[in-house]
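Think of it as A, B, C, D, E, F, G and H in the order they're written, each chain with its own count starting at 1.
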Amino acid sequence: MRVELRLAGAGGQGLITAGIILAEACAKYTDLNVAQTQSYGPESRGGASRADVIISSNEIDYPEVKAPDVLVVMTQEAADKYIPGVKDGGTVIVDTTYVKQLPEAQSKGFKVIEFPISGKARELGREIVANIVALGLLTEATGIVPNDAVMAGVLNRVPKGTEELNKQAFAAGVEAAKGL
Amino acid sequence: MRVELRLAGAGGQGLITAGIILAEACAKYTDLNVAQTQSYGPESRGGASRADVIISSNEIDYPEVKAPDVLVVMTQEAADKYIPGVKDGGTVIVDTTYVKQLPEAQSKGFKVIEFPISGKARELGREIVANIVALGLLTEATGIVPNDAVMAGVLNRVPKGTEELNKQAFAAGVEAAKGL
Amino acid sequence: MAENKARLLQGNEAVVEGAIAAGLRFFAGYPITPSTEIAEQAAAKLPTVGGKFIQMEDEIASMAAVCGASLAGVKSMTATSGPGFSLKQENLGFAVKGEIPCVVVNVQRVGPSTGMPTSPAQGDVMQARWGSHGDHEIVALCPSSVEEAFRLTVEAFNIAEEYRTPVILLMDEVIGHLREKVVLPSKEELTIKHREKPSVPPEQYKPFAMDQGRIPGVPPLAAYGEGYRFHVTGLTHGEDGFPTNNPAIAEKQIKRINEKISSNRKALCKVERFFLNDAEVVVVAYGATARSARKAVKDAREQGIKAGLLRPITIWPFVEDALSEVKANLPKAVIVPEMNLGQLVLPVRRVMGDSVPVIQINKLAGQLIEPEEILSAIKEAV
Amino acid sequence: MAENKARLLQGNEAVVEGAIAAGLRFFAGYPITPSTEIAEQAAAKLPTVGGKFIQMEDEIASMAAVCGASLAGVKSMTATSGPGFSLKQENLGFAVKGEIPCVVVNVQRVGPSTGMPTSPAQGDVMQARWGSHGDHEIVALCPSSVEEAFRLTVEAFNIAEEYRTPVILLMDEVIGHLREKVVLPSKEELTIKHREKPSVPPEQYKPFAMDQGRIPGVPPLAAYGEGYRFHVTGLTHGEDGFPTNNPAIAEKQIKRINEKISSNRKALCKVERFFLNDAEVVVVAYGATARSARKAVKDAREQGIKAGLLRPITIWPFVEDALSEVKANLPKAVIVPEMNLGQLVLPVRRVMGDSVPVIQINKLAGQLIEPEEILSAIKEAV
Amino acid sequence: MALPLEQYLRVAKMPHIWCPGCGHGIVLQAIVRAIHELGIDTEKTVIVSGIGCSARAPGYLHFDTLHTTHGRAIAFATGIKLAKPELNVIVITGDGDAAAIGGNHLIHAARRNLDITVICFNNNIYGMTSGQYSPLTPQGSYATTSPYGMLEKPFDLCNLVMGAGGTFAARSTTYHARQLTNVIKEAISHKGFAFVDALSQCPTYFGRRNKLRTPLDMMNWFKDRAVPVNAWEKLSPEEREDKFPIGVLKKTQATELTEVYKELIQQLQQRGGE
Amino acid sequence: MALPLEQYLRVAKMPHIWCPGCGHGIVLQAIVRAIHELGIDTEKTVIVSGIGCSARAPGYLHFDTLHTTHGRAIAFATGIKLAKPELNVIVITGDGDAAAIGGNHLIHAARRNLDITVICFNNNIYGMTSGQYSPLTPQGSYATTSPYGMLEKPFDLCNLVMGAGGTFAARSTTYHARQLTNVIKEAISHKGFAFVDALSQCPTYFGRRNKLRTPLDMMNWFKDRAVPVNAWEKLSPEEREDKFPIGVLKKTQATELTEVYKELIQQLQQRGGE
Amino acid sequence: MGQTLQWEISVNSKWCKKCGLCVEFCPRDALEMDDIPTVKDAARCIGCLMCEMHCPDFAITVKRRDSNG
Amino acid sequence: MGQTLQWEISVNSKWCKKCGLCVEFCPRDALEMDDIPTVKDAARCIGCLMCEMHCPDFAITVKRRDSNG
C-alpha cells in the first residue's frame, strides 16, 4: 500500500503545518511509513504553497508525490494546477470558499468532496484554522491515520490558547467528511 | 653551450639586481638565450638571497641552476652552502671581506678568485655598490656578455645621481678580474 | 492510543540531533537555503545542553570560528549550501592542514552561482573533493534518508575526531527538507569517538608527529588551555607545528596528511550493496537519487531483469574497491544517475576503464531523477 | 653596440604586457605571493594607457569588481594565488553564470592552506575546474615560458571575449618569477578579439539568447550605459536574463552555458606535440614541469629511446582528443609528472582506460621535477 | 504627483514578489521618485544589488541592473563606477547583505569615497531566508536563530559608515516616505560615497515574531522612535535611549576617487604616457 | 625591569624573522611586558594571528598559539573564546590583515562586544608581501601598488571600531613604548572587546619609499604627530590636521557576549534543560 | 470649479496586495478598504500623496485632473 | 654604595640585529654602537629601560644588580 496525499493552496493558509501534523501522527501512532515534502518558493518568498505526504506499508523509496491519490485544494490556482494530476479514481477535496470552478475533468473518475473550508473556519471565529478544518476532512476521508492521533498532533503544534478553536475546527472537518 | 651562474649572499647586498642586469644585457645584446631565477624567503622576509642566471646557445628547457659553472659568494653562509655544489672545474668568486674560510674543497679542481669585493666598494664610497663590483668581476671572468653591454645595463637600473659611483664600482670589478 | 518510538523528523533536523548526540557543543553558521533549518535547530537546542550557537557575519567567519572552537577542545560544526560552501573553501583547507576535527554540512541546491536556491542538486560533489587549493584529501559522506542523515552525522564526527580532519556531510535538498518516520538509536546504541589526547608531557608534545597516535599518521591533539602551549599554522610545518622550508620535511608532512585518509580507504569507504551479486546492470547512485535507483532496481527485478545498486555512502575518498569488484563481474553496463552534469561518473569511468560501458543519466534543473528514467536505462542496457 | 629586439621579462610582467596588448583596461586585485608583481605592474602601467588599477579589500571584492567593470564594457582581469583563488570561487561562478568575459590569473604556490608561499606547485589544477559550486565549465590555459605567458594572456582575453566566459591563466611560481629573453610580437602580429555586440534594438535584446551570436550558444553582450537596460543575475534565468523556476528553461540555459565550452573543445584545446609521431613512451606535462619533460625527451632521443611529449596548453577543457590520439598509438606507457599529488593524471587515466599504463611522478614540496627523474621513468617504461 | 511608472519599472515583471505590506516596496518607490524628481538619465544609471528580498528590487527597475552574490553588490558597483565613471551607480542592499556578509565592502567604499549611492533596505532581519537575526536585529528581539532573544548588540549603520570615513550618511523610514525620498535625492546628488539607512518593515518575519502584528504597527514603531536630526542633537544620552535620529546625519566634501583617477591619468598622459 | 623572557618566548625560535629596526618587535615586547605586569596565566591564554609579518608574532610566544588565514584571526578567536570563555584570547594582526581583508570580522567583533583583545601592528603597509598599499597607507604615500602616490583615503582604525560599537579603543606607537604597554594592559583588562591601534614602522618597505630612511626617522614621524588624547580634545579641526590622538580613546562598559551566554544557559538549565 | 474633483485616484487591482496601508495613511480618511482599497469620499482628497507614497506595490496612484476634466 | 653600579645591561649578540635604536633612545647617552651596542658609560645609566623597551629584538636587557652586587 502506498497512498500519496497533497495539500495545495496559498502561503499563509497553513497547509504545510497540516501536512506535517498528519505525517507526524502517522509516524507516531501507526506502523506505516511516512514521508513528507513540500514546495519552496524562490528562496522562501512567493504565493503558492504545497505539502505532500506519502504513506506506505513498505519502505518509501522515491519520496516524492507524482500523482496524488488524495488532493486538497484551497485556492483556484491550486485547483487549476493540481487537479489534472490526480490519480485515476482518486479523491479531490475542494475548498469551495475559494475554488469557484473545477478544471475540466479529464474523466478520471475521481471523487470530489466540496466544502466551504475557509468559510467554515471564518464561521468558527478565525479563518486561520482553515488548515485544521481541511485536516479534519482529509483525515476522515482517507481513514488511514486515526482521528484522535491527528487531533493530538494538532494540539501539540498550535499556539497556546487556541486549542479549543482548533479542536472545533478539526471536528468540523471530520463532520463535513462524514456528512458527505 | 649552457653556462650556469649563481650569485649568493645576504638580502640587501643587491645580488638579485646584479643577476638581472647581467641577464638583461645578455638578452638585449647577444644572440644567446638567457633565463634568470632567484630564491625567495618565506613570503618575502629573510636573510639569504640568491640569483641564478643560465646562459645558453640553445633553448633553455630546464630553467634552474643545478650545479653552477660560476659562483659568486658574498657571505660565509653562502660560501658554506653553495661552494660544494659548484660544477667540477668551475669558478668560484669569493668576497674575502665576508668569507673568511672556504668550505673543505671536495677537490673538484675549481678555480677560486678571491677579492675583497665589499671592502673595495666601501673604499669607493658606499658598500651598497658591492653588487656592481661583483658584477664587474663576474662579467670579466666569464667573458660571455660584453662588458659595455653590462655597463649599459647598470646605468639603466641604478638610481639617478649614483651613475659615476657605479661606473667606478663596475670598473673596479673588471680590473680585479683582469688582475687575477 | 499507543505512541511508538518513532518520530517524524526532517533531514536537516536529524543532522542537528545526530550532531548533538555525537557531542556537538559549538555551531557557527550563516543562514542559507536549503540548509538554514540546521542553524535554526542548533540555535534552539545547543544552549539547552550547555553548548553555543553563533550566527557569524559570513560563511568564512563561520568556518574560522568552528576551527577555533575545535582547537579549544569542543566538537564543532557548520552548515551551508553551494555559495557558502565556495566561501568556506579557504578555511576548509586550513582545517585540513591544521588537522582540525570538525564537520561541514553542505545541503546542495542547484548551481552554478545563486542558481535555484530551493531546488535540489548534486552539483558540488567534485567541489567537495577539489574546492580548496593545493593537494588535500577530504572525507565526504552522503545520506539517502533522514535516518541516515542522523547516523552519518554521528559518523562524520567520529571520523573527524579519529582522523583529525574536517568531514563533509554532503546532503541534497531532497534529503535536507524531507520529513520521514525515524526511530533514533538510543545513546547506548551509538558509538561516540573522541580525538586522542596526548599522553606525553607538554615539553615532548609534537602536535604534528609523523608516527604517533592510535591510527598511523594521526597525531594526538591537545586542546588550548590545557598547558600544552602548541602552535598551529596553515604554513607547511614540521612535527612541532612550526613552519619549515625544508623540502624533505614538507613533503613528508603533506604526504602524511593526505595518506592518513587515502591509505585508510578500507575503513572509510562505506557502500550499500543491493542485489549486486548477480547483477548484469549496476546502478551507481547516491543521496536522494539512490532512492529512485533503488525503486528502479526493484522494479527491474520484478520484471526479471538482473539489476543491482551500488550506493556509495562515502563519496570521498572514492569507493574504488567496491567499484573494482563491480568491474570484476563484468556487468553489461554501469548506470550513473546524478542530479548534475556528470560528476561522480568521472571516477566511475576511470575505474571501469575500457571493460564496462558507463551510461550517465543527468538532470540539472532541480528535479529528482525518477525511477522510470533509471528503469528504462536499465532495460536498454540489458 | 647593437641592441636587438629582445627583452628580459619576468613571467608575471609578461602577463601584464600581454593583457594590456589584448586590451586590458581594468585590473582589481589583492596582493599575494607569488602573483603580486602582476598587480604591481598593472598599477604602474594601466593609468599610462588610461586604464584603472584598484587594490580591493580582498580577493572576493577583486573578482566582483572585475565582473562589474566587464559588464560596463571594459576588458578586466585579476590575479592571485591559491588562498585568494579559493576566495574567488563564489564570484568566479557568478562570472560563469552571468557569462561575463574576464581573465583570472592564478600563479600557483604550494598548498594546501598557506602552504609554502614562495615555492612552486601545480596543486590547483583540479580546483580550477571544480572550485566553484554547481555544474560549470571552465577554460584554463597554462604557459610554460615567459613568452607563452604573454601569448596565452592575449589568448585568454580572446577566449573570454569570444565565449563570454571567465578564463583562467593557470601559471606556476616557476614561470611567474622566471625572467627570460623574449621578443614580444608587435601589435600587427596579434589578433585581438572583442565580445560581440548586440545587433538588435534594445527592446529585442535577449542577453542570454539560446541561438544568437557568431558562435552558437554565445549570445552577444551589450555594455551597461548603452541603452540596452538589461538584467544580469546569478539566479538561473531565461533568455531575457530574469530568474525562472521553469525546469525546462533552466535546464536549457545551464546546458547552453556548459556546452558553449564543452562542445567547442576542438577550438579551445591546444597542445604542443613534441616527437609524438613514433613515440613509444609519451610524457604528458604542462607548465614548468613540461620544460623538464622536454629536456628528458630530448635526452632520451639522444640515447635512442623513442620518447615524446604531449604538452596540454589548454588544461581545461581537458585535451581528450589529443590524448585519444596518443592512446590510439598504444604507447608502452604514458608518464605524467606533476608538482602535486597527481591531478591531471586522473583524466589521463580515464582516457587511457585499460589499454595504456599510466605512470605518475609527483613532487609536492616546492621543487621543480628534474629532467633526470623523468628520464629515468622513461627508461624504466621502455 | 503620480509617477510615470512605465518609464522606471519593468511593468511586465510586476507585481513584485514581496509580501503584502512589506516595506521594501515603499523604499523602492522612494528611489524611483527620487530619480524621477532629479531627472536622472535612466540609460546612464546602473542599479546593483546583492541577495535578499531587498536585492530583488533591481529586477523591477527598467535600468541596467545587476543582481550579484550575497554581500558583494558594492564591490561589483566599484568595478562599474571605476570602469565607466560617467554612469550613476546605485546599490540596493539589505541589512544582512550590507552589514553582515557585506560589511567589509561597505566600510571600504565609504573610506574610498567612490561616487556611488548605497541604499540599505534595513528591516532588521534576514527576510529572504525566512527570519534569522541580522546584525541590525535589536538586542532581545526574536528571530528563528535567536529563539531566546537576540544576544548581541546591533550596529548603528550610519555610525559605522561615518566611522569608516564616509562623507554622506542619512537615515529615514518607510513611515517617513516623503523624507525618505528627499534623503535619497540628496544621497544621489552627493559627489562621493553616500549611504542611506532606510528602515523598512518585514511583517512576515520580524513583525510576527515580535508582537508587531501589522505593517502599520511596525511603521508606527518607527514613528515613535525616530527623531529628526536637529532635535536629536539636543537630546541627552538618556533621552536618546531607544530612539534614533533621522535625516541627513553627515554631509561633507572630500576628494572623490574617480576624480582623483581622472587627474592622475591626465597628468600621466601629459607627461607623455604611451 | 628586564623581563623573564624564557617564560613568555619560545627562545629556541629566536631571533625572529623581522628586519632590523622593524617596529613589530617593539610592539611584541609591549605585549609581553603587559602580560607580565598583569600576571596573566600563560597557560590560559591563546594568541591568534592572521597572515603578515605581524602575524608571525605568535610563533615566538610561548602560549597556545594559532596562525590562521589572512584576515580571519578574529573569527577564529571568536570560536575559541565562545567555546572556552575562561581563556584569555589575544589577537595579533596587521593593518592589512585587520582592516583590508579582515575588516568585516573586526567590526563584527566590536559590535558583539566579545571579550577578546585585538592588537593591530599598524605599519601602514603590507610588509610580508613587500610593500603594497594598505587601507591605512596615508593619501599620497608611495607603495609598490601606488607608484603615483596613494589615491585613496585611509581609515582611522579607532574611529572605525568605535563606529561599529566597540567599547574599548586605544592607540599608541612604538615611539611611545611605555604608553603602548600601558594601553595594552588596559585593553587586556577590559571586559569586552578591546582594540589597540599600535603604530609600528616598516623601514624596509614603507620607510624606504617614503623618505623616512631609518627606523628612528619613522618613529620620530610618530612622535611629531601623536597628541595625547586629553590634549587632542582641545584642538581645533585645523590643528588636528596631520595629527592623531594617542591613549585610550574610548572605554565604556556594556554587556559582554560570553556573559550573556552564560546567563542564558543557566536560565535554560534551571528551566529544566534537556 | 471648487466642486470639480481635482484628484483622480486609481488602484491597480492586479498589483494591489491588499495590505491596507494606503487607507491607514490617508490623513483625510478619503479611502476605505473593500476587497481592494476604494475611494470613500473623493471630495475629501487633498492630493497629499500619502496613500501613493506608502503603497509598497505601486498600486495606488493619485493624479491631478486636467483643469477642465 | 653610591658608587656601585645599580644597573646591569646586557646585549644578546645572537638576537641583536644592530638597528641602533637602543642607543638612540637612551636619554643618558650611556650606550654606543660598536658592532653591536655596548655600554659607553655604565655609571650614567638610570635604569629607565628606554633601551630595552625600544629594542625590536629582545636583545638588550637592563637588570637591577643585587644590592650587594
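Remarks
In this section, a residue touches a chain if its C-beta (ideal position, glycine included) is under 8 Å from a C-beta of that chain, and two chains touch if they have at least 3 such contacts.
None of the values given here were measured: they were computed from a predicted structure.
If chain E is disregarded, contacts among the remaining chains split them into A, B, C, D, F, H | G. Chain pairs D-E and A-C differ in how many C-beta pairs are in contact, and the one with more is D-E. Chain A and chain F have centres, each the mean of its CA atoms, that are 60 Å apart. Chain geometry summary: the mean Cα position of chain B and that of chain D are 36 Å apart.
Per-chain Cα centroids separate chain E from chain F by 31 Å. Centroids of chain B and chain F (each the mean of its C-alpha atoms) stand 42 Å apart. Chain E has residues 18-19, 51, 69, 100-101, 103-104, 108, 129-130, 135, 148, 261, 264, 268 in contact with two or more other chains.
Under the contact definition stated at the top, the residues of chain B that touch 2 or more other chains are 41-44. Annotation for chain C: residues touching 2 or more other chains are 33, 47, 57-58, 60, 83, 90, 94, 113-114, 117, 233-235, 243, 245. Contacts from chain C toward chain E in the complex involve residues 30-33, 36, 39-40, 43-44, 47, 53, 55, 57-59, 83, 113-114. Residue ranges of chain F in contact with chain C, taken from their complex: 13, 42-44, 46, 48, 51, 58-59, 62-69, 72, 75-84, 86-87, 104-105, 108, 261, 264-265, 268-269, 273-274.
Chain contact summary for the complex, chain G toward chain E: residues 14-15, 17-21, 24, 49-50, 52-59, 61-64.
On chain A, the positions that touch chain C within their shared complex are 20, 23-24, 26-29, 31-44, 60-64, 66, 146, 148-149, 152.
Of all residues in chain F, those touching chain D in their complex are 51, 69-71, 100-101, 103, 126, 129-130, 132-133, 135, 144-148.
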